[in-house]
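Handing you this structure, nothing more for now.
Naming follows writing order (A, B, C and D), and every chain is counted from residue 1.
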Amino acid sequence: MNNDTDKTMPLAEAVTRFVKTGAHISIGGFTLNRNPMAAVYEIIRQKITDLHLYAHSNGTGLDELVGAGCISKLEIAYGGNGKAAPTCIRFARAIQNNEIQFEDYSNYMMSLRFMAGAMGVPFLPTLSGLGSDMLTTWGFSESMRRSDPKIVDRKLAVVDNPFGNWGGAKKVVAVPAINPDVTIIHVQQADPMGTCRIQGLTFADVEQAKASRHVIVTCEQLVEKGVLRENPDMNQIPFIHVSAVCHVPFGGYPTAVYGHYDYDAQYLKQFAAAARDENAFTAYQDRFIFGVDNHGQFLKQVGKDRLEAVAADPRTGYSVNMKRD
Amino acid sequence: MKISYTPKEIMTIMAAREIKNGDIVFSGTGISMLAAMAAKKINAPDSVIFFETGAMDSLLEEIPFAVADPRIMYWAAANSSLTDAFATMQNRITGDRVIAILGAAQIDPYGNLNTTCIGDYYSPDVRFSGSGGGCDVASFVPRCIAFMQHEKRKFVKKLDYLTSPGQLTGNGSREAAGLRPGGVSVVVTNLGVMRFDAHTGRMYLDRCYPGTTPDMILEHTGFAMDVSRAVQADPPTDSELKILRENCDPQRLILGPAG
Amino acid sequence: MNNDTDKTMPLAEAVTRFVKTGAHISIGGFTLNRNPMAAVYEIIRQKITDLHLYAHSNGTGLDELVGAGCISKLEIAYGGNGKAAPTCIRFARAIQNNEIQFEDYSNYMMSLRFMAGAMGVPFLPTLSGLGSDMLTTWGFSESMRRSDPKIVDRKLAVVDNPFGNWGGAKKVVAVPAINPDVTIIHVQQADPMGTCRIQGLTFADVEQAKASRHVIVTCEQLVEKGVLRENPDMNQIPFIHVSAVCHVPFGGYPTAVYGHYDYDAQYLKQFAAAARDENAFTAYQDRFIFGVDNHGQFLKQVGKDRLEAVAADPRTGYSVNMKRD
Amino acid sequence: MKISYTPKEIMTIMAAREIKNGDIVFSGTGISMLAAMAAKKINAPDSVIFFETGAMDSLLEEIPFAVADPRIMYWAAANSSLTDAFATMQNRITGDRVIAILGAAQIDPYGNLNTTCIGDYYSPDVRFSGSGGGCDVASFVPRCIAFMQHEKRKFVKKLDYLTSPGQLTGNGSREAAGLRPGGVSVVVTNLGVMRFDAHTGRMYLDRCYPGTTPDMILEHTGFAMDVSRAVQADPPTDSELKILRENCDPQRLILGPAG
């Protein structure tokens, strides 16, 4: 029941209950902002594998999950992570070494696919991609697609405009809906029933959540119901969409959470460096993921000084003059 | 007296000059962000910078290092979402006022871009980030600036993967494919400025820089290119460079070491 | 220029400049809430006619415009106005007396049509209306449609799902995009450049505005740019979409503007009563519309006591225990 | 001892009993709003009321008189928009949990509704408001309650206009048309409660009220209807009526004068 009842639970329990081996999942955020990193590390710690990940540009979370071998199939628009990794290192390696099956879309296509899932329509139209190799080159073969009922039979389809040239378009690209088994997002505020308030850009979190069978919300602040009801205009996701609420301060670290903390450029650089070398990467994982039991211990491992360095300035919502190179 | 500047500086100024007052500028990060900021401070004060992540007209007190950098969320006119940002470009009413700044690993004679891979798509020699919003932008908006390092391996006859549509195979094939007119309309490199023939849709050399020549540029281009229309670009002026250096990137976070 | 420049002007000028005879228009709000009534009365006062109105459920504004003979063509989902008029009286008469050309859609279809216009796609798909007379009975004939380039050739189209039964739908109804010449909305706050903040439900105002060539914004409060920039998350419409900003306090009266004032049940009842009798209706118009030069005078005509009666309670945003029957 | 109640009161209670704990209730105004409020206070405390205008789980300190009444905007879980509200119903994950309450000018044996006009569509004898969200809801959600006054002219063989799809012509024609299973599943009138045969999709009499009989109901129905399954409804209980009268509509704004 996704109704107005208390859905709070420990993150480890939420991940165990809703993120099963082979599940089709998506995660919120964009590159180095508001990725549900505590949940990502918990998935890795629980060694959940064979996941099918739908991503637009979830750089930081993507590369941790791919690097840990949790992902077997990937539908993605962008595998980059800002200055630290213009191309995500483990993502590039996994593809270059044929370790995962992958399918390329654009950011708008992936966003529309989540939106179609949220709207309950089988597809949405766009003018993006006509004439591109995205239409003609399929990462998932037609036979593989037909053999898996959870994967749409065609990557994309060009459809004639039934209204002639209305809207100045004779044809459109239809992008198929996505309905993940579970989506995990990290938000600034949530109440125990799962109503969410995101501060700053929402990216595609709202569409991803509404498209999903189950939604795990991790939040910086767990607030009383009344706090969010005071201003319903600012709540993007009502509780009916949410299955689990986990209170995880710094749950987005090392990515930024607007109004709370900045991304940790140093951590991301250290990750990118480690990602280039197998031994260094194993050492990185042992220290920060497998060497700790939960996100609290992870934050201890990271150290107070880092968390203080990224603390947000109340005026701007980010860490002013933070060392970023 | 001769004004000195770095390749990055002249590229930024050349791109900034493409932005007109009133333009809505779709910006990435790095040098493209810097060009958008420079245009706003130099020649197009009433231009508007926005990002595919949904931030419109951000104040940018600090230079963002990613299009999801929290620095773009501060003091914006509106913070929305990916679907809203791309709709702004797909929508003709607003989209026709957008000029975009893109980068790529490869470009072909018709301004098509590859940001996906080098080699075979299924097991590439080098895998890049992929489209991101690039394919969407190149599909939607009438004017795009492509920033490139001018090298033979990047200016190729045929792309390993066509990520973002330009003029496709030229001669109206873009419109025939169902796309609106648009895509990459100007290429700014460390050696010169290229545009595309209105009829054939093929790249031609429009401007050399002080110190570069058509022959030098052809040497770094992997396909035949018309250079008959090439003239020399007006070099960056004192005031352009002053504003760029002092008001846009005083710490040279993006411009890098001074020449 | 729809950029970051001062767009404030008197409402009369905005209406004269952007609402031309024969224009295709839409208005914001829903039944008795946040209709741009000051602009509606100004359109009537300027005797602008032959308008093509796109409406979902804009009850109060709709019936005034139809009653005044401003509308020649109407595409609509719902012609009702709450308790005062379950069916809008002038709307029903105009149709019963064959005074206007009309086309019926559903509320979701009309909302999607505006959304398609805002997205820049020629159509959007929905599962609504299959098997209904909405699909088969066209108010606008095919010949009339083909003779007018501003009207789509087909009312609706049933399209096969190019992805088989993906999303559990073998076919969908495609609804054609709307791009009005001008949309007029009334909002709680706007800045001189046109950035808008709506409080409470947005209805379809945002989609309508983004779909339109021109947008006239009337606002309760005209605020400095900085006021809205302090919280960009709450601004639904950035200035790039807006052509004119008009500061019109009580510009939504007699409909409700959340946080500012309630709907005036008494005014709406009086309108409904007058609407049933031609002489009474003419008297009503002479007194409240043609007998005044602007909205300020209209409000004087209405009287202080009415405005005080509908004043919003700061806690709830509406007028608590107001007499509504 | 005999409990007395008005037709509106028994209709409200009968509808409220259709709402199960956990249901998401799509509500209009008037008696449908009252039924939703009664269900929440009597038998389905964990049901959620929402409106096509985008308000989810509003507190409803005062009874709203329209689905855009500002009273629905106060203390909601979220205030959004029309497109969001309808998406909640079209989306199977949330839509399958929705039960809707609708009204109509005409209903036919297959639960199709007319809210558009009486007479010819192009120049009708009486024009009504039109679909509003009715067609959308009837297309999307698995369970709909229709409130009707039970009169021959309203229960008709053929609608003057099919605004909102029910079982269309029955026998699976709804699904054949491309719609998901759903539409009007129960009709609550001042005389009784009607449901639809799982196979033929045709309306049958399910419940009479104390004081009504199958014959009386057939007399007020404009088409043949199976009454063989009809039994008497459990009348409203003391506590149901007490809660309805004292906690839902103490001023009888909707219930009207007490019987």
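Criterion: a contact is a pair of C-beta atoms (placed from the backbone, for glycine too) under 8 Å apart; a residue touches a chain by one contact, two chains touch by 3 or more.
This is a predicted model, so every value here is computed, not measured.
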I want to compare two interfaces, A-D and C-D. Which one has more contacting C-beta pairs? C-D
Length of the line joining the C-alpha centres of chain A and chain D, rounded to whole Å: 40
Taking each chain's centre as the mean position of its Cα atoms, how many Å separate chain A from chain C? 38
For chain C and chain D, what's the span in angstrom between their mean Cα positions? 28
Between chain B and chain D, what is the separation of their C-alpha centroids in Å? 57
Chain B: which residues touch two or more other chains? 55, 73, 79, 90, 92, 140
Two-or-more-chain contact residues of chain A, please, as numbers and ranges. 120-121, 126-127, 168-169, 172, 179, 200, 233
May I ask you to sort the chain touch graph into line, ring, star, complete or other? other
Touch relationships between chains, expressed as pairs: A-B, A-C, A-D, B-C, C-D
Residue numbers on chain B that touch chain A, as the complex places them: 29, 52-55, 61-62, 65-74, 79-83, 86, 90, 92, 116-117, 121-136, 139-140, 161-165, 168, 173-174, 177-180, 253
The chain A residues in contact with chain D across the complex are 1-5, 117-121, 179, 193, 195, 210-213, 228-230, 232-233, 235-241
Which positions of chain C touch chain A when the two form their complex? 116, 120-127, 152-154, 157, 159, 161-164, 166-169, 172, 174, 176-177, 179, 198-200, 233-234
Residue numbers on chain D that touch chain A, as the complex places them: 22, 24, 46-48, 55-57, 59, 73, 75-79, 87-95, 97, 140
In the complex, chain A touches chain B at residues 29-34, 56-57, 76-83, 86-88, 91-92, 95-98, 104-109, 111-112, 115, 126-134, 137, 139, 158, 168-172, 200-204, 206-207, 256, 258, 262-263, 265, 312, 316-318, 320-321, 324-325
